[in-house]
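As written, the chains take the letters A, B, C, D and E, and residue 1 is the first residue of each chain.
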Amino acid sequence: MLIAKVIGSTISTIKDEKLQGKKLMICREADESGEPTGKPYVAVDTVDAGVGDLVLTAHGSSGRQTFLTKDAPVDAVIMAVIDSLQVDGDVSYRKS
Amino acid sequence: MLIAKVIGSTISTIKDEKLQGKKLMICREADESGEPTGKPYVAVDTVDAGVGDLVLTAHGSSGRQTFLTKDAPVDAVIMAVIDSLQVDGDVSYRKS
Amino acid sequence: MLIAKVIGSTISTIKDEKLQGKKLMICREADESGEPTGKPYVAVDTVDAGVGDLVLTAHGSSGRQTFLTKDAPVDAVIMAVIDSLQVDGDVSYRKS
Amino acid sequence: MLIAKVIGSTISTIKDEKLQGKKLMICREADESGEPTGKPYVAVDTVDAGVGDLVLTAHGSSGRQTFLTKDAPVDAVIMAVIDSLQVDGDVSYRKS
Amino acid sequence: MLIAKVIGSTISTIKDEKLQGKKLMICREADESGEPTGKPYVAVDTVDAGVGDLVLTAHGSSGRQTFLTKDAPVDAVIMAVIDSLQVDGDVSYRKS
């Protein structure tokens, strides 16, 4: 899974029918301190994440192993909101 | 999923039989403002996207989870046309 | 799918039995003009492609969705020979 | 599989129900000497690995081929703790 | 598939039970001349490859399509030993 920061959202009228009603969030990969370091990608939100949250995203076929994304043409899913990260015994990120 | 700009199309006479009648579009990954930043790749169009459209593409086995691409040897599919993108509360892209 | 140029071939005596009789071609990813830009990888040829051809390759489990590659330990397949590519209304590549 | 160093852990209250009770460790890809060289990613621990251990991680659908991760939305799993690595006949890493 | 050079081996006592008895080799991606160019990764050997051999590795779910790796949490497999590579009509590598 990737550590990612949710930075925004997408709106699409024309889309595959299995995407109806799904929240497609823009994420950027982040480091162990929660700082965004990567380029943007889009993931289906399954845990009511909001812009600014640090989350975990699962990719590929693993992105379809949730109730909301089963059999849908989606390859990334937000499956956890991160409360805190700990590195070498120290807290490197804590949700504010 | 990747945010991508549709930049062109491909023509192939000799191809796997499951590709007959499918539109294979050339895409380039784009950033949250819709600017192309990545190298070209090819995706099957399932939403009647046109050159110049900003779209979402799903990859890997997720690219085969549409009516048009089921069981076909394709690893990328255009499954949504993007109307707008919003980042940190501001509209970063709107379809013209 | 990736746009790729076929640059060579591989010979292996010792291999998984499901690879018997398959043509394993060396490819390099190419841009929308057909110029090779990436590093080499190997794909199973299913469309009688030759060295010098510009082709499309499908990857991952999608590489196993052809008659020749079903259930085989292969992760890339040549599934189309490109006749021409068109970008922004202009022909960027045409097979000679 | 990737050679990876376990550098930390994650805590999430809000997560997919299939992640309940799973240890989600922060890993960094490492070289053949055990030195971390890559960026962080998160993997489910299935072998009771600890921070500082050098491990092997399997990715994608292969990350779901363990008793603990079956059918879960996870794309990376720690499936071995490395005792030693040998390169060109010499020991390049040994667990202390 | 990737062209790869086998550079070493790994030893793990604590591992997923499906890995028992499997040879986990350290590989580095190589170019069409057989020169290692990439970073190390680990693949299950299914063709009795040795250190110094140039091989082909299949990745992702394709890495599980051999008798030895079926249903195991492994994402890379050595499925062929390369005898020779030919590029643009010339032999670029020959096993010594």
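The definition used in the following text is that a contact is a pair of C-beta atoms (placed from the backbone, for glycine too) under 8 Å apart; a residue touches a chain by one contact, two chains touch by 3 or more.
For clarity, every value in this text was computed on a predicted model and none was experimentally measured.
Asker: Go through the assembly and pull out the chains touching chain A as well as chain D.
Answerer: Both chain A and chain D are touched by no common chain, going by the contact rule given at the top.
Asker: Could you state the distance in Å from the CA-based centre of chain D to that of chain E?
Answerer: Roughly 20 Å, centre to centre.
Asker: Taking the mean of the C-alpha atoms as each chain's centre, how many Å separate chain C from chain D?
Answerer: Once rounded, the distance between the two centres reads 33 Å.
Asker: For chain A, give me the residues that contact two or more of the other chains.
Answerer: 60-61, 63-64
Asker: From chain A, heading first to chain B, list each chain in turn around the ring.
Answerer: One full turn from chain A through chain B gives A, B, C, E, D.
Asker: Within the complex, which stretch of chain B touches chain A?
Answerer: Against chain A, chain B makes touches at 1-3, 29, 31-32, 37, 46-48, 56, 58-66, 69, 77, 79-89, 92.
Asker: Considering only the defined contacts, which chain C positions touch chain E in the complex?
Answerer: Within the complex, chain C contacts chain E at residues 7-16, 18-19, 24, 26, 39-43, 51, 60-61, 63-64, 71-76.
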